[in-house]
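The chains carry the letters A, B, C and D, assigned in the order they are written, with residues numbered from 1 in each.
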């Protein structure tokens, strides 16, 4: 049997609050979502006036970051035409997001224990917000 | 053009907090989700140890309550074999939940402006939690 | 090669207008949809304040009525547990609706050339509206 | 609670009629669809001889324009390989259309309150039709 660390609801709330605050600072109404070690949603918020189509994207960026223990921004590079993971977004029933805004969350032992996803602005804005969110973990 | 009321993030948080507190009181770790007038997710939490399969159910109970301006518990009755809405759960791509735990949220003018869904315990427990959640709206 | 009759957009508009008028008369804001001989959507309206979850249902009642050349209300009877078509709603990827509100549209030669679906009220209300709609064809 | 504007059925009909007229002028039989602030369908028409496969596309172009408050033609540019939204069409269960023909509809206060989508011709034709449709809003 194995012990694994995972994200608790309180952690998710702290991460989301930090993301929300940064999103407000930079004026980019966002969706922020956190998943646990199993890739399953722990919590989500959509700020007023944030894009509706970004609900799904924020949740799936968080999933993707955990599913492959990677930044979705890095995955963007390796999934371009001609690159080694081109086509990876066809897997997992549409849940793999290959653009910036998702980051893995690391536990005390350095393992990935969850993920956070942000969607609502440009790739650059989403990346700023998700980094602030992750920093609160 | 028409003016409609809808749920703001602050409303959703208040509703979710009330549901969470009641769920804790009765010892039924729950998922709680709130959707807006358009049926789109505003916020969601999964309490620690709440069922993973209930993430989707809580979100879809909230959707269903708004989509048909009804309690999902009432819909359970009218969608039994031989009743007038038998088969309604085949519609809307698997998003229609026909058991207790979802309630519509009414605005100042009495119109339905969103929905709240709870999943994690028995039908009875979910109903207790969702009523507490709605009461905070 | 075969000649088939099918619903033109002008026919669909006439059918929908008649349904809309009847829905207004009986105070049941409705979705009304018309499909052609191929079961494909020709036109749809959602009246103000009609249920959002009924968009999909109205379109699929029209599809079902054409797909099986039947009233969906009749299909309700034959798809109950123990009856010969029990389970038919598992076919066609969630598009088969087995409750009242869908009727086939017949051409000059008596063949089915399309379907009309109504959703927004009780089974009884939807049936009244869809009959008025069909009568305008 | 928040007040938001959204598209009424009468607005949708006016938008669709303008699109239909322009489509007739340029000889491009089209599907025209309008969604409200929640991204949900308000009305749709398919002109005689318009592509059947474009029913879904017109509805989803309207959805996309509302879901991301953008022209789908602009999204086409930013979702190319190497661009910031490459992969966005994998989200939202196949509902994100990334080519020309969808425009957001703006309310009195400048907010996006719905979307209109056109499909049936070349990207250039769809764009001409959708602009005429939007102008009637």
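Observations
We adopt the following convention: a contact is a pair of C-beta atoms (placed from the backbone, for glycine too) under 8 Å apart; a residue touches a chain by one contact, two chains touch by 3 or more.
What you are looking at is a predicted structure, and each value in this text was computed from that prediction instead of being measured.
Relative orientation of subunit B with respect to subunit C corresponds to a rotation of 90°, obtained by superposing CA atoms and rounded to a multiple of 5. Looking at which of A-D and C-D shares more C-beta pairs in contact, the answer is the pair A-D. As a whole-number value, the distance joining the C-alpha centres of subunit A and subunit D reads 29 Å. One inter-chain figure worth recording: subunit C and subunit D are separated by 25 Å, centre to centre, where each centre is the mean of the chain's CA atoms. Residue positions of subunit D touching 2 or more other chains: 2, 8, 38-40, 93.
Listed by chain label, the pairs that touch are A-B, A-D, B-C, B-D, C-D. Chain contact summary for the complex, subunit D toward subunit B: residues 1-8, 11, 36-40, 93, 107-108, 113. By the touch criterion given at the top, residues 2, 38-39, 63-64, 66-69, 81-82, 84-88, 90-94, 96, 111 of subunit B touch subunit C in their complex. Residue ranges on subunit C touching subunit D, taken from their complex, read 8-9, 12-13, 38, 40-48, 52, 55.
Put simply, subunit A touches subunit D in their complex at residues 48-49, 51-54, 56-57, 60, 76, 79-81, 89-90, 94, 96-100, 122-124.
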